[in-house]
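The structure under discussion appears below in the form of structure tokens.
Chain lettering (A, B, C and D) follows the sequence in which the chains are written, and residue indices restart at 1 in each chain.
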Amino acid sequence: MADQINRVVLAYSGGLDTSVILKWLQQEYNCEVVTFTADLGQGEELEPARQKALNAGVKPEHIFIDDLREEFVRDFVFPMMRANALYEGTYLLGTSIARPLISKRLIEIAKEVNADAVSHGATGKGNDQVRFELSAYALNPDIKVIAPWREWDLTSRTKLIEFAEAHQIMVTKDKRGESPFSTDANLLHTSSEGKVLEDPWQEVPDYVYSRTVNPEDAPDTPEYITIDFEKGDGVALNGEAMSPATLLTALNELGRKHGIGRLDLVENRFVGMKSRGMYETPGGTIYSIAHRGVESITLDRGAAHLKDELAPRYAELIYNGFWFAPEREMLQAAIDHSQEKVAGTVRLKLYKGSASVVGRKSPNSLYSEKVVTFEDDQGAYDQRDAAGFIKLNALRLRLLGRREG
Amino acid sequence: MADQINRVVLAYSGGLDTSVILKWLQQEYNCEVVTFTADLGQGEELEPARQKALNAGVKPEHIFIDDLREEFVRDFVFPMMRANALYEGTYLLGTSIARPLISKRLIEIAKEVNADAVSHGATGKGNDQVRFELSAYALNPDIKVIAPWREWDLTSRTKLIEFAEAHQIMVTKDKRGESPFSTDANLLHTSSEGKVLEDPWQEVPDYVYSRTVNPEDAPDTPEYITIDFEKGDGVALNGEAMSPATLLTALNELGRKHGIGRLDLVENRFVGMKSRGMYETPGGTIYSIAHRGVESITLDRGAAHLKDELAPRYAELIYNGFWFAPEREMLQAAIDHSQEKVAGTVRLKLYKGSASVVGRKSPNSLYSEKVVTFEDDQGAYDQRDAAGFIKLNALRLRLLGRREG
Amino acid sequence: MADQINRVVLAYSGGLDTSVILKWLQQEYNCEVVTFTADLGQGEELEPARQKALNAGVKPEHIFIDDLREEFVRDFVFPMMRANALYEGTYLLGTSIARPLISKRLIEIAKEVNADAVSHGATGKGNDQVRFELSAYALNPDIKVIAPWREWDLTSRTKLIEFAEAHQIMVTKDKRGESPFSTDANLLHTSSEGKVLEDPWQEVPDYVYSRTVNPEDAPDTPEYITIDFEKGDGVALNGEAMSPATLLTALNELGRKHGIGRLDLVENRFVGMKSRGMYETPGGTIYSIAHRGVESITLDRGAAHLKDELAPRYAELIYNGFWFAPEREMLQAAIDHSQEKVAGTVRLKLYKGSASVVGRKSPNSLYSEKVVTFEDDQGAYDQRDAAGFIKLNALRLRLLGRREG
Amino acid sequence: MADQINRVVLAYSGGLDTSVILKWLQQEYNCEVVTFTADLGQGEELEPARQKALNAGVKPEHIFIDDLREEFVRDFVFPMMRANALYEGTYLLGTSIARPLISKRLIEIAKEVNADAVSHGATGKGNDQVRFELSAYALNPDIKVIAPWREWDLTSRTKLIEFAEAHQIMVTKDKRGESPFSTDANLLHTSSEGKVLEDPWQEVPDYVYSRTVNPEDAPDTPEYITIDFEKGDGVALNGEAMSPATLLTALNELGRKHGIGRLDLVENRFVGMKSRGMYETPGGTIYSIAHRGVESITLDRGAAHLKDELAPRYAELIYNGFWFAPEREMLQAAIDHSQEKVAGTVRLKLYKGSASVVGRKSPNSLYSEKVVTFEDDQGAYDQRDAAGFIKLNALRLRLLGRREG
């Protein structure tokens, strides 16, 4: 199995799985491990990962800990939000969109430290392995990828924990005293899979949620906010200018408070199976609703409908791990072209699990009260034009009707 | 202007607009008017329309009042729901889907009474004229269509009311003592446009809503329900079998109670302008969420993703009035083909404006806990297969990377 | 009917139709007419148009004759060819693509001479009126458009000729002594409609063709040529660098000689009817085949397939006149993004009506003989990867098969 | 590697590759081999395969030789042709469409003889392995598939021939005294890959073609034929009713004679690489052109354009092996719905490599000379309607133009 590897860059969280992997790589490949720990806004201390890596024998200069939050939101989350991307009609792709950025840094670090491989802790049943590896191969076609979950014989969490205990790797227990859910977290969302969630008929227990209050516990009074957009991206909250990551962080706090962005989903994985997951995307949910709101007055119908038709494909590409594929970039070029004038202010009402657009305005508005009004429009629109419009749209149907008749 | 018309069938509600039209048709075309009043679940008494028509001189045998509720839900709403159709990502098409049915009956009645024309009360700025007329022409290519709003000089509500008062037509005032909003209602939804809604920055005042309580006034305790599906259509609520219209009526009551299905939208009309509308789709919102829920465990990924890609086009066709067009029927054939096994039970939580799927089960489930589990799957899935899967998916990206490198 | 018009810019060919229109505009609108005659490569002398305009009373400074051939090919034909656009699977859009350029110049001239209207000679049954006017309105929303064919009572060619003769406008006869076919010509193609062509069962008589020899009369020996591409556009013929219009002109001569690019088609017009036309696109046919050839080795599969899926919509937009619509521009952005590396040389065989790619090479080739070879590839591709690839692609089908079984 | 296999059904041609596989399966798996040889119109004697199988020790009752020609054309080729499917704009999918039928029979025979596995001779680099196996798994999720090319160490043709010679398997040489091209043949087409074809700059040598004469050697006089269609399928040639396979056979003879249907292509394989192939599809090329011809007068524009948009996806699904996937069936349902009235007669001219539609007529024609004529149409179409049609189509562009202005 084992190719000759000299040095491998591992996507390392410091948690149980990647700690086991670090040790296993050292043993199995007899190679030097470089760790990369990214701050994507997952809300954990990263410095403990440094100490753990040191303890595991990683050289200090081979420990990379990067704050990627601004890059994550600016170059990945916001471009995706411009597309109104929803996987299978509902999922905001919070895990999918983080993977290409992690791979991008893995490949950059591999170049810096002259490593010949990268490694990750994604399992062999999931989508993340695909996302990590497609991105890695796209950015460096000659890189080797080590996916321990597909290679080793630690084929269940039980065996993993045994390995950990045998190698003095600390195993944290979650609050119910059991081994943890499989979770992923970043500035956009937190996901959970596995355990009790594996029965799709069972409601997700409230203790699984970590990023939002239960809507029933949210404030009894609605809160109104505004988000300002420029060129399709959010730039301010309640009139206060913010960087992308700052804005998303602030929206996350609002979403948490009002119980917004919970999603219980059975989805189709790229690897061919259905899985049941729970997602919390508090700020992203608010943001995506607001983005549609500002588009509704600034985007031409032709552009808007083309976007709607392209969005499922675009979302599928991101879900499947094809961020760095030409077809995703082509769609992005089309989408970005449409966003030049998507600017203005959206007003939203947040209340017990819901975010609703209640107002929108824009210097670039295409909405014309003068044209649309039920009162006398003083010639802005000639209703008689509609007769010809209908007649010619109907012509083919009439010719068809004559044939069938 | 006026072609020679002998007899015209008018879509007649008994309200102000169509009462004016009835009178105007008699005067302008000097022809016999036949009235057709449909019960689509709009929640109004229809018998007063009979008396008004009689008063206006319509012959008793020329007054048609039909209960179309079951046909509406069974043959129009449910097929559309199978597609998960959303116009511009959010609108459940409650007005659009009723128009083809009304036109179908207008054309049937025209044949019965030997009329040479049909007429409707839709204005020259809106979508409904297009929907009525495209359907009418498709079903009878030789029918004449009279659209008074495009012909007469009553170019504002003010002039309309003057005409009404001049002809002893009763003008009802709404509760604020002003002329009414432009509204449309049926078993699926109620819409409102015009007046204060014409400023898209202004929040919709609560008094505009008529079908749902304000979420803030909804019960403080969630309610759980189940909906059963067969072949993609809802068949039971909380285990109790119901006809299509009965089910939607019951869901409307649940939606009303929990403040579900309000939508404040700026949309793009087919006639080329943006308009701002308010929609209430209480039962339909719950139903559509449940339908996606049952699909999530019973629909194959390939089918599900194809449906998602086709849905925006399908929704646009319905919105634009092309229900009776071959391309809508082709899409319907594809969609219906996918629904054969879409059966099972969805459990939902209704709470203060939201309906959320919390569980789903099906005798036809494609979800396999055995395959997806994080625990030992006893060989149901070989994780090593994923390596080859990724390698071949990556091959073209690697060849590309080599070129760019 | 007649709005008050002071000055109108007319798309003027100097032929019968537009000469009648010139006169009619002067009479009917009592306004000043500015003529614009474009050299799009239609192969006619343009200077006679100047004299005719002078004779009709147009001021010398109001006669515009522009050579637009390079702009036409560079900014309209080539971008369209990048998309491999074919309307209804076969038509290379030669008429459609010229209209937006003519409108663009009409609007520019209208601004220069301070005109308040533009006018064209397209009939009320065809697509060209739509293309002219959508482009004009997109570029100047306040322009007035006069479409004489929709306004006047010269409702047949017979009446038109009577008007011409009554106003001393010269009527040319075609070679068979009858009034002419309706034709359109430019550097990309020549089209003919009407007359004997109106019976779609009748073969197009050979005398209708003007740009190509009958394949039966073409040389008995094939001719081989090469076309070089850079960034998706043709740049050289047989190794000789050429400007866009020069290249297309040279290809036209080759196509003419070998009888390439004839098309006999029943197509669907945007205005709702079917029509039968004959097209000759000699150089464009060769060029489009060559473009697919160079793409075949330089374009990634994901990009290529996305292009193929977008192309019918793109072609429809151009056919329907939406060149200056945001959705066409979005698609163009996507397409252009894909063409960055589309460079290389295509070798073609021209023979009796056919152009066939027989070789293609590129510095950017993605074709790898090393990977694809049937002989030993020395590890460039691991055939065992295919097993996993197939297994995971099959997984959902197997789960489905188990359910159905 | 080797699972325990008792009995395997092999897709057996009697040629070198599958003869080697037969022997290898017996040796490697120590199992009983059942052979299945299909007559798909490849134009070879099948009875020699029986003798070879007997010689190799296969039991007489385990030798299946089936004539599948009618099923192939009726249930696979014609449905695909209804879609106007072209892979990458040009390839008529002749190999792809045969694979699912072979797999279907493999699985049926496996059931009959109680076999636990199927096997095929497709290599690990190609598409056919995917097509065979996806179809097999879809039809029997529990079947085992043995793909010797992915398992054994005969990693090149050279080694294969050594194995054959070591096991007394006869190795035929092609006419140039070298090991053969990789070819595939059936009633729809013949393909060739490998050898000199691996250099995409080199023209395909004429000796590679086997199904068509060189256009230069084709008759100097065009031949005219008619094909009749009913419900989208061909039913007669020159007025003579024919079964599907008979019709295609007759068209193949016509195509061969006139040098029609040669294609030299670099294509993108599903497994991620580009390959260069040569295809001859003589009858299929004529048929597909004729099918578009009859559609052009019988299919509504909405249906036709939707078909054009769906066709690339449909073709990709067939190319990739997803014939038995729900999404292919959904698309087929849509396509078939459109074909109900696709009936009539198409007249074609065959000449030196080209097939061109020169006439089409139909009892279901939607073409209306009365509407389209340039002469007086006596009110069939009101040209003034076009003004309103254009105005409303332009409205959104004008609102956009005002914003940009």
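By our rule, a residue touches a chain if its C-beta (ideal position, glycine included) is under 8 Å from a C-beta of that chain, and two chains touch if they have at least 3 such contacts.
What you see is a predicted model, and the numbers here were worked out from it, not measured in a lab.
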{"item": "For chain D, the least number of touch steps when starting out from chain B", "value": "1"}
{"item": "Angle of rotation relating chain B to chain C [CA atoms, steps of 5 degrees]", "value": "180"}
{"item": "Same-residue or different-residue interface between chain A and chain D, half as cut-off", "value": "same"}
{"item": "For chain A paired with chain D, centre-to-centre distance based on mean C-alpha positions, whole Å", "value": "40"}
{"item": "Whole-Å separation of chain centres (CA-atom averages), chain A against chain B", "value": "32"}
{"item": "Two or more partner chains touched - positions in chain C", "value": "268, 271-274, 300-302, 305, 313, 325-326, 365-366, 368, 371, 381, 384, 386-387, 389, 392-397, 399-400"}
{"item": "Chain D - residues contacting chain A, complex", "value": "300-302, 341, 364-366, 368, 371, 381-382, 384-389, 391-393, 395-397, 399-400, 403"}
{"item": "Chain B residues within the chain A interface of the complex", "value": "84, 88-90, 123-125, 129-130, 133-134, 137-141, 147, 149-150, 155-158, 182, 193-195, 198-204, 215-216, 220, 222, 262, 264-268, 271-276, 292, 296-297, 300-301, 304-305, 308-309, 311-313, 316, 321, 324-326, 347, 349, 351-354, 356-361, 366-369, 371-376, 381, 383-387, 389-390, 393-394, 397-402, 405"}
{"item": "Residues of chain A that touch chain C when the two form their complex", "value": "268, 271-274, 300, 302-303, 305-307, 313, 322, 325-327, 329-331, 333-338, 392-396, 399"}
